[in-house]
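What follows is a set of structures to go through.
Two complexes, one shared chain (chain A), two partners (chain B, chain C).
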Partner chain A sequence: MKVDRRSFLGLGLGAVAGVTVSPLPWKLIDDVSIWTQNWPWTPVPPDGEVTYDNTVCTLCPGHCGISVRKINGRPVKIEGRKGYPINDGGVCLHGLSSLQYLYDPARVKQPLMKKGKVWEKISWKDAITLVTGKLAELRKKQSPDRLACITDTDKGTISGLFERFLKAFGSNNFYTISSMDKTWEKTFKMMHHSGSSPGFDLKNSDFILSFGCGFIEGWGSPVHNFKINSAWKENKAKFVQIEPRLSHTAAKADMWIPVKPGTDADLALGMCCEIISKDLYDTSYISGFTKGFNDFSNMVKKNYTPEKVSKTTGVPASKIKELALKFAKAKTPVAIAGKGRGYKAGSMKEFTAVHALNCLAGNINKKGGVWTMPFMEYGNWPAINMDSVASAGVSKPVIGESGSVAALFEKINASKKSPVDLLFVYQSNPCFTMHDVKAVEKAVEKIPFIVSFSSVMDETAEKADIILPSHMFLERYEDVPGAFGLVEEVTGLCVPVAGPVFNTKNPGDSILMIAKALKGSVASSFPWENYHACLEKITGDIWDKLSGDGYLRKDANLPYLRPDADFSFAAQNTESVKMEGSEGSFPLILVPVDNMRLFSGVFASSPFAVKTVSDTIIKKRDILVELNPVTAKKIGLSHGDYAMIATPKGTAKVKVHIFEGIMPGVVGMDEGLGHTAENIFIKDKGVNVNELVGPVIDTGSGLDAAWGIRAKLSKV
Partner chain B sequence: MTKEQNKRKKHVFGMVIDLDKCTGCGSCMVACMSENNVPFREDESDKKRSITWMRVYKLTNGKSFPDTEICYLPRPCMHCGGHGDHGHSPCVSVCPVNATRYGYDTGIVSQIYTRCFGCRYCMAACPYHARYFNWWDPKWPGEMEKYLSPNVSPRMRGVVEKCSFCYQRYQAARDKALYEGRDEIEENEYQTACTEACPAGAITFGDLNNPDHMVYKMVQPDPHHTRKPLNPKAFRLLERLETNPKVYYISEREWVRKAGDNYIKGEWEKLNKNHGKSDE
Partner chain C sequence: MNELEEKTEDVSMDAVEDGQKEEQKAEGDSGLGMGVLFFLVAFVVCFLSCWLLFPKVLYSEKSQPFNFNHRLHVEETGDCESCHSFRDDGSFAGIPKISKCLECHDEQQGDTKDEAFFIKNYASKDKEVPWFIYSKQPDCVFFSHAAHVKAAGMDCKTCHGDIGDSTKCKPYEENRITGYSRDIWGKSIWGIKKHSWDRMKMDDCAQCHEKETGEKGSCFQCHK
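Let's turn to the complex of A and B:
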């Protein structure tokens, strides 16, 4: 057959048209794409029956109820528990990432013992024998007081067991990490009754004055607060934020009052002065229920006139007067304190000044006000059997005057030989969360033997000599007493909803094992077979309700205390907490910034949480510090430039983020970065601001109340 | 579709986000990641590479201290109806392999991973940067693979992914309704993961075609004008591109509403008088 030009073109065009019209090429492309995507390493999660289990999240002190979705018993998703009194279905990003914490590669998978610098695997039996050996030695030497313990809280039966163990052993050295809760408790002790803490009825309040609280950045019970914040928008309540920086909270506030860092107490006292001078306070409450009011009134009138305060705080006198008037005229005003998340203690001067505002408004033990709540008490702990060693031990005073962790470490660093021979660390990470990390590390290294009960290899666990790894909260039973600052008492129950994934134990069981192995009076003080039996016995009559509903709520008939208030401490006008460093060599002020998306507590942020963090906070491995354009221009820095930040405590290389919302002269730096413990998703990202800020002891409380430090930025 | 299904009223699922309630906490982002098996990598600070179906942007009013204001804006996929709301979404109309389709019964823009061959036309076409490409095979370190949900396929290298309005939850709700012999699902039966998780209650989800649903009441979509919001405080992103998104935002603050689109000088003031409708 002759192929001429005409038929060649015809055939060719026909073929092109045929192929185009036929589905073949499209089908082939589709098949090829499907084929190239069916890799054996692409996971196919197994399907199965869907169930839900309820428990309580204990990652932060908020204690939300959560619901775990499971497929064939395998947890796949965390959701908020609907109807739970604290969070009613809402849940924060950290709680949502709990399953990443469950399977975290950084978890301690079985008991470990340090040989030289290397961790070696050890059986539970050998680990307990080793720890009890060390403990028995201390008792033999008649020095049980050389045992100390650091935990995050003294509430709940697990912490209760630790505290009880120390007593039975013969030591008073039981420490909890200082947070704003402690300052509030001390404030209430001074102004109301000992053994009480505040319950803020913020939901029913119509005017809220927040002195630097990160109300929606993790303060108190975060999810509870998010809900209240939305309720305020609907009820048209007014929220005023006093802070040198436009935080998330300030951004959502109805009014943001930038105040010079560290002068919150002055502003509060200035408002008190205005309220008293204009007779705007609740006279019936003040005359009927308070002591020391005249002294307080004279003191503020003398030292804190709005004009004087205006100079210290940088807030115009007219604004102070306006604010005082608005506060006093509001129906149910509440003033709150506790900087950022409130994970650090605050100054007594500031807290008492802020609470004086509440008292002047007469809004104590009233709807929409502040309630004096007695410490939640339950649990029928039997008496402890004390032998002569234990009795002698507990007669010695606690190491470190104020009984705070900071005081303990200071004492250790000041002594040639550590007064503590053996340290228990449970659910706390002082080598990351405390001010002046270097000094903390030095003190920790001086302690001869450290037992960590951590479930992850964090900065403090890395420095331990032996780790008895704990179940994480999804794997264990635990009673969870209510969150700080709530008006209703909610006790939650953590139940195992997964695992245990690794060879870990409930920390309650670990401590029981140690006690039993010690024999004698110590063992007989712990008559329970295991932690579960102990929990059931101690919670006693509320156990049925706890295990049935998962929580116990008490709100109607709380035994609130009398609303009496005492102004004498506030009238003393104690020193403000000054920041370290001189203005000459350090012209700027560094303030730590709490960010909801970065966890700054015991745990490092999860991969999901880190993913949500803006690239104006972390870029590759660099942390960015916030700087007002005016300040940046003075130093000659622009956005994205590298700079060295220096404080009296140390230096670090940072990048600059130009932010209009921060006061000129102030540098903002996020908390929760700069982890050094092994974790590929967060390790060596940024700088730990606690390395740059040193502790400053507040005279009023004896606690470290540093809120910032003087700093210098220079171009590199 | 069978004839019977055709008779049913079609859904137009949409979302309303109250920007005055949104606190920028990031719960929606993580709720989405954990619901939809979204992968993560060691460094997520390069936001162009970071896969976030739901992303919270931070807007500022551009004023200097102390008049600065901030607003957070969560951005899921907008599930655009396209010009005239006929289903020609910017991404759907460019996909050469039908890997992304417009669901005429739901208003949801789907993404079928195994069909996608990674040309990324859709990413270029999307005006909202809501689509993400898997440059690498995702990895779940240690035993983390154990928490993956079977309801959403884990993706592989070379495909595009995006928010699906948690379509698997719609399927589950529909299955449940069918099993119980019901034709319709209730409003609360199908809610996205971000809506449920939002602690501030800033996100509302429902059927924009159903006057009983909260989303309808909040924005009052105008059925004659491609569901433009009649509520003057509500707006959609880049409204004038006529992509007809199904995600609406509400704010009392004027500068926030203005930030929803680009305007030449003086234009906003003129438009704003007429609640977003031009003078013509």
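Let's turn to the complex of A and C:
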């Protein structure tokens, strides 16, 4: 017998046959198929017990109730909380994606101190010691009034603690960012009572006249308004949108009236004139509850006839008359003001003119009308222990005449040496959200020491000297009283549903730590062991309900104020808020545009939200500006062309989006883009429109009420 | 050369050629014989090694963190659901969390080494026990215990066998390719089963579904 090639052939065949009839190939095929369907490197979220925790979203002033879906205690999804008075199960895309803020790489992960231009890590103990040292120096120099604080709101116990700290320290310089809420409050102070704000019963209105409000673009409480907008379709209510561009709100309205930018007040007064001239107003209300009506009546009849107004606004006189008639004849008409999301203050002339329409309709404190809501009585704060330094400090006037942030920065820039030596910045980002960013940055840089309480490294935090990072809202306790414009009082409770993910603290605890370290009367004004104890004590009687249900709702027997109205201010016919720049050098008008998908407030938009923005707004890193085809043709621009936009405040390279829905001569530019802070998802995407628009102080309110600026576009 | 001589030469030449063919035939037979032999040897060696050795290569054997006596716990608690419970939302909790164990084991109950180990390393530290799960299905599989146990009234044993009667944990054999337990394919590498709980593959689900409901079910019932 001889071993030859046949033997080897037999060996091979035998091996193949042996393997084939064994379980190996069949088992391997099965295993490989399972492997390919479950790649081991594909992350699979761990399975586990599903629970829901309720809390309140504080990303925007809407204050929706949210339910956080958790798996084994790990938050995985945000949903709207069913049955919550404000949003009843609804949620917007920003709230929905707020878990991305929790793990955002831009978060400040521990206290940081700036050395030169470099951030260095520092312990909480050292950070508090450092801040306390700087504060003690101010008190030692008998100048506690050189401390200032900027926050987004003066409502709730965390802001309350900041305000209280400043008082106990000896400073009046507590500022909140101006928004339409403030203009409405000032309007109500002029026309009704001080200490009141409007409650719009929009759900029960049958005719809604909106002067540029982005009703479905984030105005007021966004999700609440989405639901009202849906209810209107069912109730057959009529919604009229007045603004120079076809926004989403205008597109969904029953009627859109394009009006020249900045002439809303004229249009409202023209309507008032028509209503008064035709005796279409509610005579019983006007004669029984108002004063200054005759002056107002004479003023509008003289200056604001529909024919005159037609020339100013570009709206035909017949249209103004038709609109006035429809408004006056409606059962429950309401007129609202506040441009876009309402994050910026408006002009008093416009707001009082718009509210004059509500008063003429006699729809004050009536179902479907506007209610005079007194400020919520809230919080059982004990008296502050003021020592002589504090008493002397608070006797000095607030820096900046009107007490607005814009006035503060103007004062700092106008002074050789900053009147503020130490600034607290909490829940606000003035270096991004305020008009004329460069001037704001200049003022901020002049302040010797800035303490930021930001959760993320935003534009203002980058300019700070020390950051005491706060828990973001999903990680902390906080009471959230009220949302703007509601006809009910809803107080929500934010509770920790995650983390804390990083070495951060509740800002309430940070301020308590600083107060205690200062000792003396400041420390004794803060007798609470920690923020949670403070929250429990200050909310007092309502704490049990708040912590049990997560909210407290009061919609019956609310203490509405009398419906009396005073037309005196409206009758003064103050000057409109003019835009900066001359028509000769800048033939176009730039107006900021609010878009629901881009967040233009304190936080930068989340990665998820940015991905939903259309490429007619942002394409790669370029922002697009809206331009009417007629205007574009005059300049020689086509869709997608690069252009240079110039305003008295600055220039920027933009792309052109030809849009027939914007009035000729007007350029629309979205808010919320052009972030410069280190945020990998949104940095250097587009241009911040606030860099191009400067502040214009409204004489009526003292607030920055700029609504646009003159501009020029040239082909690049 | 005459004609006879030519014939004689032809014969002799044929004889030579025939002799050579015979020789070749004999050699060819022996070559085939070796081929067959080699075939059989290779067949048997490969077949046996793929049957007997392949599973040893495919699965890596792991020990559970400590031994768990199911029988003892069933005797104490009376059923499976006391520990392997359903949550309020109807989902199945699977292996109990440490908090469940601590309901009884806040302190040592018996005197076994395993319980002492558990108390020292997990219970006292409130740390989850990293159990290997014998019946864990791939992530692409959706399975509702509630539908089978509560709605259809099936017994745990139908799929999980006599584990409730075991006194110690068998080694966990992890498939090196898929990462899942050997119990899914079944102990038999041939995929042969004697009992309903011997395998937990899709075909086994379908077999039972066909028997109980008349149809195997559709893809998206399990692969969502």
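Observations on the structure shown:
To be clear about the criterion, the second predicted complex is superposed on the first by the 675 of 716 C-alpha atoms of A that agree within 3 Å, B and C clash if a C-alpha of one lies under 4 Å from a C-alpha of the other, contacts with A are read in each partner's own complex, and residues count from 1 in each chain.
To be clear about the criterion, a contact is a pair of C-beta atoms (placed from the backbone, for glycine too) under 8 Å apart; a residue touches a chain by one contact, two chains touch by 3 or more.
Values in this document were obtained by computation on a predicted structure and should not be read as measured data.
Once chain A of one complex is fitted onto chain A of the other, the partner contacts of A:380 are absent, as it touches neither chain B nor chain C.
In the superposed model, A:40 makes contact with chain C only, not with chain B.
In the superposition on chain A, contact of A:233 is made with chain B only, not with chain C. A count of residues in chain A touched by chain B and by chain C gives the higher number to B. Touch criterion met: A:99 reaches chain B, while chain C stays clear of it.
By the touch criterion defined above, A:284 lies against neither chain B nor chain C after alignment on the C-alpha atoms of chain A. Of the two partner chains placed by the overlay, chain B and chain C both lie in contact with A:30.
In the superposition on chain A, contact is made by A:49 with chain C only, not with chain B. In the superposition on chain A, A:15 makes contact with chain C only, not with chain B.
Applying the stated touch rule to the two superposed structures, the overlap between the chain B and chain C interfaces on chain A comprises residues 26, 30, 32, 34, 37-38, 44. Listed in rising order, the residues of chain B touching chain A in the complex are 20-21, 23-27, 29-31, 33-35, 37, 40, 42-47, 50, 52, 56, 58, 60, 62-66, 68-72, 97, 113-118, 137, 140-150, 153-156, 158-159, 193, 196-202. Chain A makes touch with chain B in their complex at residues 26, 29-30, 32-34, 36-39, 41-48, 69, 71, 74-80, 87, 89-93, 96-97, 99-100, 102-105, 216, 222-223, 226-227, 229-230, 233, 246, 248, 251-252, 256, 258, 501, 596-597, 607-615, 618-620, 628-630, 660-664, 680-681.
Of all residues in chain C, those touching chain A in their complex are 27, 30-48, 50-51, 54, 58, 87, 89, 91, 93, 97, 138-140, 175, 177-180, 185, 189-191.
On the side of chain A, the complex with chain C involves touching residues 1-4, 6-19, 21-24, 26-28, 30-32, 34-35, 37-38, 40, 44, 49-50.
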